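Sharing a structure, written as structure tokens. Questions coming.
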Amino acid sequence: MLKRVFPHPLLSLTLLLVWLMLVNKVTPGNILLGGFLGIVVPILTSPYWPGRPRLKRPFMTVPYVLLVIWDIIVANIQVALIILFKPRSKIHSKWVVVPLDLTSPEAITVLAGTITMTPGTVSALLSSDGTSLLVHCLHTDDPDGVRDEIKTRYEARLKEIFG
Amino acid sequence: MITYALYFAIGCFGLGLLFNLWRIVTGPGQADRVLALDTMVINIIALLVLYGVLQGTAIYFEASMLVAMVGFVSTVAYCRFLLRGDIIE
Amino acid sequence: MTTQSSLLPIIALLPFLGALVPGIMIRAGRTATATFTAVPTVLALVMLGTLAPGVMEGTVYTMSIPWLPQLGLEAAFFLDGLGLMFACMILGVGLLITLYARYYLSGEDPAGQFYTYLLLFQGAMLGIVISDNILLLLIFWELTSLSSFLLIGYWKHLPEGRQGARMALTVTGAGGLAMIGGMLILGNIAGSYNLTDILAAGDAIKASDWYTPAVILILLGAFTKSAQFPFHFWLPHAMAAPTPVSAYLHSATMVKAGVFLMARMWPALSGTELWFYAVATTGLVTMVMAAVIALFKDDLKGLLAFSTVSHLGLLTMLLGFGTEAAAIAAVFHILNHLTFKAALFMTAGIIDHEAHTRDIKRLGGLAKLMPITAVIGTVAALSMAGIPLFNGFLSKEMMLEEASHTYWWENPWIVPALATFGALFSVAYSLRFIFHVFGGPVRDDYPHKPHDPPAGMWLSPAFLCVFVVLIGVAPFLAEDVVNMAATAVTGHETHAHLKIWHGVTPALYMSMAAVAGGAVLLLLHRPLDAAWIKAGPFYAKSAFDAVIAGCVRLSRGISDTLHDGSISRYLAIFTAATVTVGYVAFLRGEIAPATREMLPIPPVVAVGWVLLVCATAVIVLQHHMRYRALVVLGVIGLMISAGFIYISAPDLALTQISVETVTIMLLLLALHFLPKTTPQENSAGRRALDGLVAVAAGVGVAALSFAFMTRDFSSISDFHLANSYKGGGGTNVVNVILVDFRGYDTYGEIIVLGIAGLVIFALMEALLSGPAGARLRNSGYNFDRSHDRHPLMMVIATRVMMPIALMVGVYIFLRGHNQPGGGFVAGLVFSIALLMQYMASGFGWTSRRQQFEYHAMIGWGVVIAGLTGMGAWLSGTPFLTSAFGYVHLPPIEEFELATAALFDLGVFLCVLGAVMLMLYSLSRMARHAGETVNTEPMDYDPSRPRKMVEKGKA
Amino acid sequence: MSHWIIAPVVLPAMMAPLIGYVMRHDIVLARVASAASTVALFIIALGLAVWAADGGTHVYRLGDWPAPFGIVLVLDRLSAMMVLLTATLALIVLWHSIATGWDAKGRHFHALYQFQLMGICGAFLTGDAFNLFVFFEVLLIASYGLMVHSGGKVRMQAGLQYVVMNLAGSTLFLFALGTMYATTGTLNMADLAVKVPQIAAEDSGMVRVAAVLLLIVFMIKAALFPVQFWLPGTYSNAPAPVAALFAIMTKVGAYAIIRLHTLAFHPGAEPTKDVVTTWLFPAAMVTLALGALGVLAAKRLMPLLSFSVIGSMGTMMLAVAPVDPYATETALYYLVHSTFSAAALFLLADLVVSRRGSDVLDARPPVVQNGLFAALFFAAAIAMAGMPPLSGFLGKLLILDALREPELMPWAWTGILVGSLVTIVGFARAGSMIFWKSTSVKLPEGTEPIQSDPPPAPARGTEVAPVMMLLALLVGLAVLAGPATGYMRAAANQLFEPSGYIDSVLAPVEKPEKAKADPPLDAADPHAEEEH
Amino acid sequence: MELLVASAIGVLTAGGVYLILRLRAFPVILGLSLLSYAVNIFLVSTGRLAINAPPILNKYADVSYTDPLPQALVLTAIVISFGMTAVLVMFTLGAYLEAGDDTIDMTATEEKDDAA
Amino acid sequence: MFAEILVSAFLVIAGIFGLVGSFGLLKLNDTMQRLHAPTKATTLGVGGVLIASMLYFLLVKDNLSFHELLITLFLFLTAPVSALFIAQTHILMGLRRTDLPPTGGEHDWSIFDDPPEQDPQETDQPQT
């Protein structure tokens, strides 16, 4: 019963927040309406989201997000420098194959997203059984290092979060 | 000061648009064009937000949000067409 | 008097009403239908009979029923001497023909149809002669053309019948149309379309500037109908009709309509030089020419047809002379011609019927085989030849008399000489009819051994021959009738004295010369005939056919070239015309100097402009690469949306960007089935021309918009700004206009969308069930597709994105009344959110989980919007009158409730339903083409075990 | 203010979704609903026509907003007449569609049919220029669907052309409306009638462009040269009942021209004075000629009928071109006549062609009931060609009578008379081929007739009835020409006295204060603070 | 600014017109899309251009508003042209699937000549 | 003043990164390299603009606004997926299978190889 009303409780919470961000004003009416929509919308969309993803340690997401933001800033600068000052011929792009230990689709998605959002790497392909990720690296002379960094810096943390 | 900074930023993103245009026109691959269009969408979002700041109003915010949303959907659609032919098979 | 007059419309109507009867009892057989045809004819005759004494005394019966007063058209009838004479002729001969046809028609012919047509014709003809309104007369006139078309084409399986019918219709129809013009002019001069008034206004008419066109146009009608040169050629071809028809229409009645008309109009139109030269000359030429041709016709009916043409020429000439005596002669000859020519046609019909041929060269010697017929034929033919003691002699003599003292272009000889010449040939062909058909030895090679027909068939011509002889011997018997009619023609009382012997007059010599010469000609017939054939006479039919064929070719040339199915050219013409007309309209007006200061151009806006222009250029130049064009189209949509923001139109930006996306989706979905490139098919010249048109259009539109943008104006929208909040309850004026001030537009607009959904759905159903469906099933993919149908990342991202997007949709919907947004954009946002889901997991998978039916959604949308509109009726206000109020429910802050929101909900549902139904239709096509529906939301879920079988294998 | 004015729009607009969405799986139910709705529409239209005959201009202010700020519907004699004409035609054509089973040959026929009626009635009733555009679109998009009802190759291609042409036309319509608004600042037709004459002569250029662009837009609908090209392909390939219904569609264009050129660009409006007179007459002349030529040139029956429609539009628009009351009156009479006669021809052609198997004018064996069809064809053809005794002849006489301006008369008269002749010849050729020559076609001994399986059935009384009804209407129009033209004269006079229309529409209205409460703006506007 | 807008309208119109005169349905669709962009901007500009004056009522500032009516008209026009485009796309597909190519011109099928 | 400097700084940084992103699109050699560029514009470019906007309304206009966060959320959610699709497209259309390293597993990269089959989920039955 509860699962029917709250098929995705985390989503409901997110939607309430989204609603408040949209109306940009926290009033009782808006909270009520946002809460209502936060319940109704997931119910309406639940057929498209069968199953409920498990978060083992949801609070670990906070340091993870902060880490990613920091990486984005640093990497951005590096990549900007490459684009601006490195001659075309000196840019050494590489493919990196990252074997995945993660199995949850949500976790894989977050990992791939993280890789893409941090400049310098782009997730390009997943193997069809979801066991490895193909990453394109803008400039590196050490593809294995990149792979290892991804696995230790991001995947390990995600494994903790998603279990 | 903010005004100058605003104009600077607007100029940067505007110039960016021209770069995107070049990529769209010359390609060479279809993926390049889609990529350029996607970048253009992002630049437009930035410009819309900057314009809102310039005019001191939040009235254009929904537009930027909607652009972000449809930009994504159309990029996926353009790609899916090339990948699968039928975009909503 | 009035009661008697009121018989007139009844008389006119009787044949038409009567026509229904044989038409209904179409299978009843010849006797029954003939009987029922005779009934209205007899009734009408009886009614006429009650009026006849009055007319003889000089009474003119009139009766008028208003019909179309705006035009001056009245159902007005009048009966005077001329009318009475003609009416009696029409009905009397009609009766005889009815009897004759009963025996003439074979059992296989649909007699009911025949008699229906006959009565229709009779009614039309009767109408002509008793109309008091020339517009009414025109109606009956055209009806004679139509009914004769039906009668000539009665044997529809015969090509001659069909062609003859069409030729007659074409020629007499053309004349009739000309006459319409003439009559309208005439009525305009006279100030009335009533014949009585027109006849009284003769002097004014002749003095008018419009007299000449009126006369020419009316004469065109009369000449074509009466087969005057050069319009005579249709009549011989009308002989393909059954002989009763020929006898009735083409000798006794219809062809006389033209003559009747000239007689009718005689007081109003005759007596001028134009009249004389046009009418008399035409008549003379026709008379002579047709007489000559008639001699060389081997077809009995052909001979009679040309002789009819000749006699009609004679009548025309007489009426053209414009003298009273000539008019009397004409009236008398009308009567006489009727009797002998109808009899002759019936005779020819009998011969054809019995001998199965009408070819004179195959006949001869019939006098012994069919004596009764021979007597009838001989009497009638002698009358036609103008032999004394037969009525034809009398009127022909009068004609020659008139001709003998008529000057043509100050020349005294031309008319008498030609008249005599014509008479001579007339004698010759008449004698030929007698000697070559009835005379000579009995042959043994008739197609069918002839003998006299049953009495029913020869009674009618015999009856007419009685008149031929009776009048021929005792002409004074016809005196009253002739005077009665001639008085009506000339407009003042005439006192004709009809006698056999006039003394030794020029006419007598002319007559004798004609008889003698005619006999000689007959003797010389064989060599003359050979010479005639050798000369290769001009066949009007081939000329006519060539003209018609030429017209058809010409019209095909024009019509088929213009309407060749090339829409690109249609559009080019359309655009070029629009541009031209627009420029001309503008240049013929003026433009005041600009009053409005221009806004500055910030660089980034200029960049947007560059992008827009370049993108347009790329699309135009590279439209062959269809996919590329679609990508670049996205740039234009983006630029325009941003531009809308810049020029203070946020609602437009929202709508544009979302519509743009959905449109591109649709185009991509369609392009999936279509060729991916456009071949270059236009010539460089064509492209240059198109470019020219395009540039002209672009420059025009640009100049126009520049012109008004730089000029101030005031508009009604101040009202909207002022009343939006107080009266409409919203601060987003655009939205209030949409849902309130102009909610009716929006109502129409969502219905357009709803219909679009329906049309697409219906079309898809029709396609899939037809050959297109088969084609679709056979269409395969001609490129390497990705094996990644539903990438995991997309599915996961969508699971979060879609609910958020729906929230955004709700938000945009709720705030639309006050801020940019509203039902339409919200509907599109919902659609896009669903689209995202479709792209992630496929349409099939997703729509199986769909809880709402799109059809119903559109329906509910339209119904809700409509009901909201109708809700206003409850408070007695008009459709779509809005109501709103502010509600305060603690602890919630005050909020607004408005009917406009309900209306907007209708908009929302309709948009969502329509978009989704469109996508559904396209996706159904794809599935029809062989796409399979996935059972899983994503291709592979690594968190779940693989299929057992595969596991075992691995 | 009577709500009945909007009934011809709302009734089909409410019925259509019900039919299309609720009853979409039950053809019988859909038929009943569609027929009931159309009968009701007819009765309402009749009532409105009777009401409008009082000579008043009845205004319906949508949303209770005063004109020119809101949208108004206007019922006067002309609009009432057009609605009644539409309803009458719709009823008969619907009967035919149901009796012949056309409606079941594809999806959504009845829903689209009702939407189509809604669009047409809306276009006739509106008093707002932009709203006219909206209803043009409604009627167009419904017509797209009806046009390709039941599909098929050629029909699809022709349908595509029809859509493309009209989309181009709709775009032009918007350009024209934009220009109109940019120069006058208003969209209400009565208000335009006030504003257009006020434009200074020195500044007439733009409004003239607006006027001429609008003229072209309506000429597309009215199928006038040089924008008539779409019609033959469309009418020839549309399902016959749809083509019959389309007989009213060309009249929408004619109506719009009449309406705007007696109102917004009325003859007294100086800036736009010569716009219509310059172009409409020559366009109508050429149209008439092309129609006649097309009839003569046609190798198939349906194009022949289509071209005869073009010719009739040319004839009618000749009488619209002078923009004077009597000529307009005659044009209205011809309008009604040509609508019914075109419909009769198309419905009849459907009965014949569906049995004959082809509309190609060649020799092939006669169809069942050849005689009956021949008679009906003869009657309908003489009506269309303007031969007596049906209303076509009277209409033609009226138009000839009305066109007496010395500079127009020679052209108009020649055109109409010669055009009639050519049309008559064309129809005679076609009729004699189909109904007469067919009787001489004998199949060679021993060959089996190539016939559909089962062989075509004779037309039932219910199938022939609609044609009969249309012919009866033509007879009635001829016999009652006096009263009919009386109404049309009154309608024309009303058009040429636009002050009644203008005053009624723009009459000031007492408007009750709508807002029940007047809360501060920020309650409605969450962003208000930011903007300060 | 006016010049930019006017010329943009002109360019879009010219491009649109050129494309609708092509022989295949697809470029015609593109052309009609361009034309519909052009006419939308044209319509908006009939209310004259104004910067940062959206017709959203503001109680707190004495601001001017651009003409809202043309915007409402354009919204209606956009929606309608969307529906029309969708139908056109479907018609194009239908014609293509029925006929086998997407040429938009119809080649006249020659029928037997003459009616006698 | 501090607020102004802060906002201005964010604006300038955002502008630079946005421009660099687009410039990279122009300059870089092949499609895969170019794909890296928009991530600049998205992350620091638009991110900077959004932060500047938030700060501006908060500090200068005294009005806290969350809208910008929402846009950021949107972009962060969607950009990787867009990039993935563009990369897939490029690989499918512009590269050969052999241009890529092997997956190292038993299955090939998704666009070249069908996924292994799975039993349908019991909870995932269509509703109708």
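All chains are identified by letter, namely A, B, C, D, E and F, in their written order; residue positions are counted from 1 within each chain.
The criterion applied here is as follows: contacts are C-beta pairs under 8 Å (C-beta built on N, C-alpha and C of every residue); 3 or more make two chains touch, one makes a residue touch a chain.
Since the structure is predicted, the reported quantities are computational estimates derived from the model, not experimental observations.
**Q** Identify the chain whose mean C-alpha position lies nearest to the mean of all protein C-alpha atoms shown.
**A** Of the chains present, the most centrally placed is D.
**Q** So, comparing C-alpha centroids, which chain is the farthest one from chain C?
**A** Centroid comparison gives A as the farthest chain from chain C.
**Q** What chain pair shows the greatest number of contacts?
**A** The chain pair with the largest number of C-beta contacts is C-D.
**Q** So how far apart, in whole Å, are chain B and chain D when each is placed at the average of its C-alpha atoms?
**A** Averaging C-alpha atoms per chain gives centres 47 Å apart.
**Q** How many angstrom lie between the centres of chain A and chain D, each centre taken as the mean Cα position?
**A** Comparing mean C-alpha positions, chain D is 60 Å from chain A.
**Q** Measuring centre to centre with CA averages, how many angstrom lie between chain A and chain B?
**A** One centre to the other, that is 22 Å.
**Q** Could you say which residues in chain C touch two or more other chains, in rising order?
**A** As it turns out, chain C has residues touching two or more other chains at 159, 162, 560, 565, 567, 571, 575, 646, 650, 669, 671, 701, 705, 708, 713, 715-717, 720, 725, 731, 741-742, 745, 749, 752, 755-756, 759, 763, 766-767, 770-772, 786-788, 791, 793-794, 797, 800-801, 804, 808, 818-820, 849, 851, 893, 895, 922, 937, 939-941, 946.
**Q** I need the residues of chain A touching at least two other chains; which ones are they?
**A** Residues 18, 22-24, 47, 50, 109, 112-113, 123, 126, 128-129, 131 of chain A each touch two or more of the other chains.
**Q** Scan chain B for residues touching two or more other chains and write them down.
**A** Residues 10-11, 13, 15, 17, 30, 34, 56-59, 65, 69, 72, 76, 80, 82-83.
**Q** Help me check something: in the complex, which residues belonging to chain A touch chain F?
**A** Those in contact with chain F are residues 18, 20-22, 24, 47, 50-51, 72-73, 76, 79-80, 83-84, 88, 91, 93, 95, 97, 99, 109, 112-117, 119-129, 131-132, 134, 136, 138.
**Q** Flag every residue of chain F that touches chain B in the complex, lowest number first.
**A** 4-5, 7-9, 11-12, 14-16, 18-19, 21-23, 25-26, 31, 34-35, 37-38, 41-42, 45-46, 49-50, 52-53, 56-57, 60-61, 65, 67-68, 70-71, 74-75, 78-79, 81-82, 85-90, 92-94, 111
**Q** Over in the complex, which chain E residues touch chain B? Could you list them?
**A** Listed in rising order, the residues of chain E that touch chain B are 52, 54, 56.
**Q** For a test of understanding, state which residues of chain B touch chain E in their complex under the given definition.
**A** These residues of chain B touch chain E: 55, 57, 59.
**Q** Where on chain E does chain C make contact in their complex?
**A** It is residues 1-27, 29-30, 33-34, 37-38, 40-42, 44-58, 65-69, 71-76, 78-80, 82-87, 89-94, 96-98, 100-102, 104-108, 116 of chain E that touch chain C.
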